[in-house]
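Next come two complexes built around chain A: one with chain B, the other with chain C.
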Partner chain A sequence: MSVETLLAARAHVEGRAQRSASLRHRRLVDDPMAVAFWQLGAELFSAAAIGYGRRPNDLTIEVAGDPRNRDLAFRALMEFAGPFIDYFEGPAQCRETITRRTYAYERATSIPQLIVANSHTVAMIGNLGRRLAYLSTDGPYAADPQLIRLGRHPMFIARHSLTPAQQRIVSMSDLTREHWVTALSDYENASLAALDAYVEPPGGLHGFHAANEAEVDPVGPQPEGELDAELEPLMDAFNAARDKRTDPKVVLPLLGPISAHYTPLVERAYELIWRCYARERRLPEAPSSQRRFIADCEAYTRHIDWTNRIGHRRTRQTHRQAALSIRALEDAQAVVWAEEATDDPLRMVGYLLDGKALDGEVVRVDENHREIVNVKRARRPLVTLTCEEPCRIPRGRILYWSEHPRGAGWRLEEVVAAPGGASTVTMKLLTGTFDALPCVGERACFSVLHTDSHYRQNLPRDVPWTHTPATSPPAPQDIEERQAA
Partner chain B sequence: MSYDETIIDQAVRVGQQARTDFLDLRGDQGGVVLSAVAGAGKSYFISETVGIARDHEMRVAVAAPTNEQAFGLVTSIAELNPSVTVTYVPANNVALPAANLRANVVTARPPRAAARAEVVVGTLDKLSDAFIREDLPDFDGLLIDESFQADSARYYAAAAIAPVHLAVGDGGQIEPFSTVQAAERWRGLDENPLQTAVGVLCRNHPQTPVHRFPITRRLDPRAIPVVRCFYAPEHHFGAAVLPGVRKMRLHDAVAPTDRLRRIDGALDLAAADGWTHLELPDAAVLTCDPDSIRLIVECVARLRDRAPQLRCERNPHWHALQPQRIAVGVSHNDQKDLLRVELDQVGLGDVVVNTANKLQGLEFDVVVCWHPLAGLPEADGFHLEPGRAAVLLTRHRHACIVVGRQGDRELVEGVPPATPAFLGHDPDPVLDGWGVHQDVFAALELFRIAL
Partner chain C sequence: MPFGASPYHFSRGESFEALVKKDRYGLLLALLRDQLGFAIADAKVVDLRSSYPKNRQGLRLRAHETKRLLGEIARQDPDAVNLIDGAVLSTMIGGTVAYFEADSLSARFGGQLYVGEIKSFPVVDGRGDPEKVGSALDQAAMYAHLTCATVTAVGGDPEIVARQALLITPKNVGLTPTMSIVPIAKRMARVEKLLAAAPDIDELVARVPPGAGFAAACEESGDEASRLAAINELLDNVGNHYTPACLQSCGLARICRERAFAAGDPTVVGPKLIRTLPGVANLRRAEELSTGAPPSPPERAAAEQLARARRVYDRALRTPGGTP
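And then the complex of A and B:
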């Protein structure tokens, strides 16, 4: 968007990031849990080190030793599972009853919120959940049920993270990028350390140079540079000393060097997460965050109830589920864009520059304007604005008043160019019933954005023949048996 | 003689075979695919098939992804089959434009008014919604136009309308896409809701007959070398019209500036060869680049000033090019809006301006195409999507003027960027687009003029 280009240029000139939002568009709860992971470069489904805590000065670090070993990886995760499950399931105890006409249901009044460094950590949490949630609790490789419970929550978190503007898990680099514009490339912006340095460059440094220095130190979860090369001799020594044993009594005393390797890395990521959290929390919260928070509470309550009653979840969706999911996500995204821009004038600037919105002073309101609609006369109020800028929106376009983004549409009826590049624009409300109209002397903004619910696709329950394979795929064979054969 | 009879005969045979396959399926369950290039006469084929299906006493539903496409189908079917009553099933807030209304067209409002109709036409969404609500009964056959534009989710909703399907479409046009990044979650998987209707049909029923129309009626032979870049090599096709049948002539005019002389040169080249690739100097610019807007408006205004005249196989006498037969094709709505305002200001209000999505299925005599890659600092998936360029470069009957920047070609030079890999069948718009744009730029080499 062109406004981002402008802000990026200003960020470069001023040497620090520029705000692209005057409000905070996500709720940051009072009691989040910060989680920082590190993994081996070649092992994406295990955690080599986990740092977590609910206060900036309350960090707990668990180190697996060698996460390629299942027992060692699970041991570290078991240490994490207890505090995590307690935190994650806690808010579900406090509920309120919601009544919708004849239907009543319970909803948690709050949510547990994970704050992490970046979207790679969100993906890793999803991978961990996928690995743990389907473990068997019997047989020769029986897993502790606590691990499976641990896995089901991250799977839900990762899936829910696809919902636009959800607040269950907040990636600090994504949140910061949504609120600030830097002159860094997308690749550089992906580094939370670089981003943070550009937003608050230390000691009078230009943001670019501060970011350049900061981005040398990664924040995980994937290792960069020589990190794994430095770890390799430590892990070799650890494996040699434990001599294939995984008993905690043997392993724990040997973890010292590996812990010493990971501790500064985890501490740095953890400190950065809390630092960004504190900075963003200082901003006033956008009003529409409340609607999304309620949606998060409902999804969370459904997840906890399902986990307690049944717990099983499909690994893959059906055609019908996928079709409904993508429409729901697209609807949610459209509503979030509209909410953010109508909440926040700074967010609306981009739409004004792109010719998707107009803003001006109301100079005339004809509340009782009537015209023939179909076959009879009906009220269609007219509002005339004086805009300081030329209006580049074509006549006939349907726009929505930003004070009532859920309301009926307004048709752009007339544009008259005024001296000095200004324009006089007349808007017509497309209904005769309304709660409020813009007032003469006030400013009003009309844009293409509206927060009304969109079309919902109606899908049959039965899978049509077109979406059913003509021949069934071969039944899956047990992976252990296949390898033995 | 205006037509290439060999190509027309081949097309007739392919069409007949596809239609026979479709009619033979009656009483059974299955689909037939007819893949065609731009301007192959798909709507005519569907209209003709509706008439023949009615001769076989089949009740048919005809669907398309968008309202505009459905409007066109209503008119086309009604005109070709005057004895057939065509029932249009609209959404609540949609009305059939007066220009599309014919004596044998009725509108079913509410949809249950179409319960006894023998031919219904509507969007995929509307027909499927009415069917699921049991406002519409089962039909014997479902014909889907632009079925490469219809996504699997919409097809899922509409599939049960009839046991026998005929899916017609242009495989080179814009693939279904989503506004959310999270859609990547399903890439490569069977349940991917963004695969095309044809894709999901052929994936689950690989025995589905796929026919390829070997003809384009819209484009003339001069357009073929460029347009061929957008289609699979195994899809052979040619122009129905013979070389030299379509002609455009421009009046001479005095050009007081060097810039205008170059624009005149570009228009002369387009009139003679069917193509011009007009390049502004290299620069990374904003989406709504004012220089590109100015140049496009200048081109269209200059074209008008030079009083273009056309002749073609439909009208062999010289006749004036009407402004509504000129289109400007763009990639973004904000480009469209700005151009609309600028063109209106110079008295070109009748010239059509729209995005590639909305131009799909439409035809013009002259098209000015704002190249999707023009002035980009970096080529991304959206702008590289080969279907977008394919739509913009295949709407014209006489000439296409492509407006871009000199740096555009460099965007797709060398090795394409690494893109995420997804298991399963998964066309990659970045990799596909990279190769297609290289080929298109090479094909436009002969028609390039620097401004």
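And then the complex of A and C:
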């Protein structure tokens, strides 16, 4: 039984979503940039319409016309490139010096944060970055260097988005799903409009019906068949009128009908993004967001410095890199889960139900308990709790106090069943040096979760012949078609 | 939630297919030469797609012709074709003949027979969209399995059918075709099991109540309410099996979803929730059980878990910092 089952049943009965977190587990910065994209069906590497802005009432929309045409697609992206690069590179100017023993380095004090509707938008940003970052700067199809610079940032953003709980790009549907449970399916929850409607159903409507009404209007970037069917005659008329010309003087006056098609779509997505941002921002921020924010600042600073010096990154990892990356991401995910649960009592509920944690009221603390450790007597404090639920964790298991998840482990020393399904549990701290202990009369929680760094995997630098692929991953290259579009 | 394919999907698909086949399949044959060692002489192509009427009779004739051509290939006839465009393969599914139209079947003289699938999604850095690649390979596995069956039926050796599919897709942002050779043996085994497990159509039809049908619901002159009532009556009589996956492909899914919601059916949330509520009829009952309502014997196991979940969750809410 997961807590999601209980909350889904409750959401169905009460007609609105239930909170699965009491804190906000991501930092939402004061000055994010909201970005909404729409693409043409099947055109995954170009944007038909881009909406962006740094305030809810400050939306700028760029429309390509026909994004299948390279010149038209790049023209719209060039309009976006200036404000985006200014915003994205701005925080890199303000740095602090960090000293680690004998080593000192600089780190940006903040990050640019993109807020988008959903994970499809994150993927699309990655696609745009992949297309632009390796464009050729010479020859008949030489691209503007500004466009290449624009491409390198989204590539980094999309790659960094794989890092668990990163805060550089925040998909509002993912963030909302992390904090709320609805009685909708995963497929329906992927729609930001439906999710938002279930969280805050308007006018006494049941969340289900509110979501039903809201999901009819998609938020992009992928269009529904009907939307593109409406666009098709407008695009045909546009292409006929421009007669293969791509000069902005010719194209811009012809964009009216296509702009009118996309404007309400972009406005709706943009408004939804800001609405969800404002709602989630009202919640108090989880303390562990600070650690992740610093990690984001460091990754961002490295990216900007790399972009200024070289800028090229691999598009495919070697087997060795992939193994190390997966391991690093899994470790990071384990730490994030632990941080979220130890920060937030509602996040801990799942672990309590799964028998991976116990909590109760502290009834006795023996700070000076001593016992023979190896050959001499050492202090090993004991803490006894009265738990309302039966303890399902076996004796001898090492747990961590959620107030000090980086601290030493505690061994589950004794479990005594009490009447009414309750239990009395004694925990023993496995060290004699400590900063704090649980206090009598307070509640304490012990779980398998700890936020100390995990074992670091090392692989041989030279890959053994058994794991050497027949061909190396392809080097990054320009993916443009070499003939006129 | 995008529903329905964009016209630009179709136009891209058609443009790409036309490009691959232009100049008498020049680009496709070049890919076969480069990657599978086809000889210059291995260029005998037959286009079944444009040679027959586009109806069921045409499919039947094309299936017959495909069988004859596959027989020639299996016998290593010197006049056998190397590429069949629009091959039609037939099989019995649930007691009914079904026809499947493969994009291409290709064979080097004396070599193996490959199923080719032409798709217009791009492959960049050697990778395509995993979902689209998966469904294209499932499609190819179906054709390969049926090709094996057809070759066996004409007395040939089914081992001549390669356990690899040729996936022909655009490379990078443009439409330049590229070919990926991908193993499909496991997918073929799965297709075989799926086809064998298909229920018999006649048995299904026999279970439908007399007079039940979509006629009243499809009556375009009828008003919306009466057509909806007709659908609901049909579903009351015949039953349905709604899952959230229906929303991606079925035009009636929203009606079934509304019915599931009205009944509080856990399926509105998905299969994961159903598994955690064994014996519990609906979500409202699950909520009642969590508050301590006496459970019936089948509900007992879930009720205990629900009540415990509620106690722990509510206690967490009362913890300092636990209230949102």
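We adopt the following convention: the second predicted complex is superposed on the first by the 466 of 485 C-alpha atoms of A that agree within 3 Å, B and C clash if a C-alpha of one lies under 4 Å from a C-alpha of the other, contacts with A are read in each partner's own complex, and residues count from 1 in each chain.
Here, a residue touches a chain if its C-beta (ideal position, glycine included) is under 8 Å from a C-beta of that chain, and two chains touch if they have at least 3 such contacts.
Computed from a predicted model, the values in this text were never measured in an experiment.
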Chain C versus chain B on the shared chain A, clash or fit after superposition: clash
Greater chain A contact set [chain C / chain B]: C
Partner chain in contact with A:I326 - chain B first, chain C second, else both or neither: first
A:P460 touches, of chain B and chain C: first, second, both or neither? first
Touched partner set for A:T318, first chain B, second chain C, both or neither: first
Chain B versus chain C as contact partner of A:R392, first or second or both or neither: first
Partner chain in contact with A:K356 - chain B first, chain C second, else both or neither: first
Touched partner set for A:L162, first chain B, second chain C, both or neither: first
Partner chain(s) touched by A:P469 [first = chain B, second = chain C, both, neither]: first
Contacts of A:L252 with chain B and chain C, given as first, second, both or neither: neither
Contacts of A:A334 with chain B and chain C, given as first, second, both or neither: first
Superposition clash, chain C against chain B - the stretch among 19-27, 55-63, 91-99 or 127-135 that is involved: 127-135
Contact residues common to both interfaces of chain A (with chain B and with chain C): 1-2, 5, 316
Residues of chain A touching chain C in the complex: 1-10, 12-13, 19, 21-23, 40-46, 130-131, 183-188, 190-191, 194, 208, 212, 215, 218, 222-229, 232, 283, 315-316, 344-346, 348-349, 352-353, 388-389, 443, 473-474, 476, 479-483
For the chain C and chain A complex, residues of the former touching the latter: 1-9, 12-13, 120-122, 124-127, 129, 172-176, 244-245, 247-248, 254, 258, 261, 264, 268-270, 273, 276-277, 283-284, 286-287, 290, 302, 305-306, 308-313, 315-317, 319, 321-324
Residues on chain A engaged by chain B in the complex (per definition of touch): 1-2, 5, 162, 164, 316-323, 325-327, 329-330, 333-334, 354-356, 390-394, 397, 455, 457-460, 462-470
Chain A contact footprint on chain B (complex, rising order): 29, 31, 125, 128-129, 132-133, 152-157, 159-160, 163, 165, 178-180, 182-183, 185-186, 189-194, 197, 200-201, 204-207, 286-288, 333-334, 337-338, 340-341, 344
